[in-house]
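What follows is a pair of complexes built around chain A, which joins chain B in one and chain C in the other.
Up next, the complex of A and B:
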């Protein structure tokens, strides 16, 4: 399939699937391991991908949450993510997409300005998380957050839906228009 | 390239049966039943939530999307309006549930009070404290509204005074400008010009008469310096009339 759609498959019982898209394999691997270590009542499945479209030969379950990992140190990761965004159906952006920017800690290595990523997240109306995936403790925290988000997006938490979470995570300030 | 990893979820049934050697048989069976029931209830809640999501997607897709191509700015504005609508609906819902909970609480409280009577001193103390505080609140609200009213009156008066002073200054300004205009007019008027011409004429005539008299007296070859009256007349005739 060339375009990912959120609801074209039925969900598996008690199972939630997350798709991590990014160019840095080691970071994705580490994040996936931290997420699987978290104790959670539902069954977690983590899929890793470098780019979309995903090969249609694999039989995969319904994807509940897509996380685009952008490394602020390399412009290639940003361009990769921007290309992947066209392969995602627009109904995914109602709360089932999240952007994760890593590497904001080391200012002298950053080649992408934070405002670029903030603007991208604002255009797609999706939440943006900043995290340094190299540091163990930050990675564990963000993994926990992602697990909670995944549970909500998969419908395992009664009373909150993905759209509800999206409006809760909405930032009240608009992104600064000045770009360096 | 994609790769998948799986984590085996909690298997409460298997776990309980494995450590069954420590507890008694019936207890273990009971716990496994409880865990099973918990799992089933959780699955039920999950399927309910997922069904709700699918239903809302169907409802949303039945709504017709506008066909016209809007500019990006317009789309952004529309999106923000819709997001604000969502927030309004959510806050309304929250307020209604809050009011409902309050009503439920007060109903339960009244029922409790009726039941317990004189024994519940803590509750009655709290209620009395609440009443005192609410009375204080109402009084201070009244005072603050009075003060606000006074402030409003003072502001109105100030505005009025400002307006009257403004009008007075305007009057003064118009009067001054009128005076200045009149003065200018007077200087340029025709009457003054004719009067000035006449004046010049008269001065010339008088000067000529002066010179004639001077000539008469000098021509008569009398010594006018000796006689004081004659001297006075000659000196007076010398006066330049244009300087008067």
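Up next, the complex of A and C:
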């Protein structure tokens, strides 16, 4: 069970599970709490992890959305996420993976250039969100967004699927794919 | 205007793109275009020239700039000055002296025991520029006019500040003739004097000062560039300082390396001659991090780099630099100018 696959388990009724992966425990915890405060029709489950692969001893439900949290102040978090990406099956990247970059607001603390993270997200064809997770109002907004994305990825919103959402989220001014 | 041009691997430098496209556009149009390009993507030049002695360097009189070395400067970025003229320097000295005397008499910036007889001197710094197109750098000094005959006729230097622009083509192309672009301002001396003089310049020339903060990303670039410089003899060890964010007080880690070892490490990492790439900088820093981790089991990559000190120069994230080496003086200023221009834009 070293590679996460999107379809290897059956879905639970009305349940949606999100996996947050990142090195900063406090930020993940705060984001998880913000997400759980949001009222939504589905039953939300939030799993937190520092790195992949996940331990196989725990019995966990099917994961609908993975969010990789990168702290722009710490190169370590970027390296960690890059290593984790090899433990995710490629079919996950059809809309069920999202990157979240935090800390862009404090420019002088940044060790990573924003371009690096943008390129990473572009390589994996996944959406990239920028949010300062330390600020409560921004965190609440991104939590709402993630809950909505999660509901779509779990199939709870009729008429739209994860792949649909991916093509809608792709920015119109992002570089053309033929460049890579 | 196709923003995809920015992604072209051959020319990421926005200066050459701007010049090619805009022949005959008004300065305002050029400015708007450059701002539009900035907002669509954040360009980080993946390649940089290695600091070399440029031709203009030979024109600098080493004695004249020797007083600029070995001093700690607080760096600010400055927007272009409106209707500044090099011929009026005496006039400006007079006006600024009067202004400072008036302010001090008002009691706004009184220091205990300060002599009210001060004199302000404006002078140009010949040769502190990158290309011929760069405006001349100029220096402002506050001297105390001492009544005593024992002291030197000119008096003690209380405060020094200088304005310069080194290789500032990207900014020069976008402003009209009335403006003088000197985006880098360096000050040494009491903070009260800096704010007084800054205020006078802002009122007189309609410009705006802001302190230049150097991010950890840029500090690691500086570390790599300055380690790459060839030196005959090293005057200082290469040191890095990191700040670890933890409660209740932050922890500071300092890591000192013998400069020749640092150079040897850089030489083993450096492949392309004449240029430095982002990958090489990352690899250089990763080598240092992994070495530290092996010995102390601390991930330095999770902390924040706050200060870099080499034999060429040292820089702190709060915007304080000290240049130690005469040979690479222009090179260090060129990078600082680039950061200042980026901050203005």
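Some observations on this one:
As a working rule, the second predicted complex is superposed on the first by the 173 of 180 C-alpha atoms of A that agree within 3 Å, B and C clash if a C-alpha of one lies under 4 Å from a C-alpha of the other, contacts with A are read in each partner's own complex, and residues count from 1 in each chain.
Convention: a contact is a pair of C-beta atoms (placed from the backbone, for glycine too) under 8 Å apart; a residue touches a chain by one contact, two chains touch by 3 or more.
Predicted, not measured: the structure shown is a model, and the values here were computed from it.
Of the two partner chains, chain C is the only one touched by A:110; chain B is not. Which of chain B and chain C touches more residues of chain A is settled by the count: it is B. Residue contacts after overlaying the shared chain place A:23 against chain C, while chain B stays out of touching range. In the superposition on chain A, A:49 makes contact with chain B only, not with chain C.
Of the two partner chains, chain C is the only one touched by A:76; chain B is not. Note: no residue of chain A belongs to the chain B contact set and to the chain C contact set alike, using the contact criterion stated above.
For chain B in complex with chain A, the residues that touch the partner chain are 1-10, 39, 42-43, 45-50, 52-54, 56-57, 79, 83, 86-87, 90. Residue ranges on chain A touching chain C, taken from their complex, read 23, 73-77, 79, 107-115, 118, 173, 175-176, 179.
Looking at the complex, you find that chain A touches chain B at residues 7, 11, 13-15, 32, 36, 41-50, 54-55, 58, 60, 91, 125, 154-159, 161-162, 167, 170. Those residues of chain C that touch chain A in the complex are listed here as 3-4, 7, 40-44, 213-217, 220, 278, 285, 289, 299, 301-305, 317.
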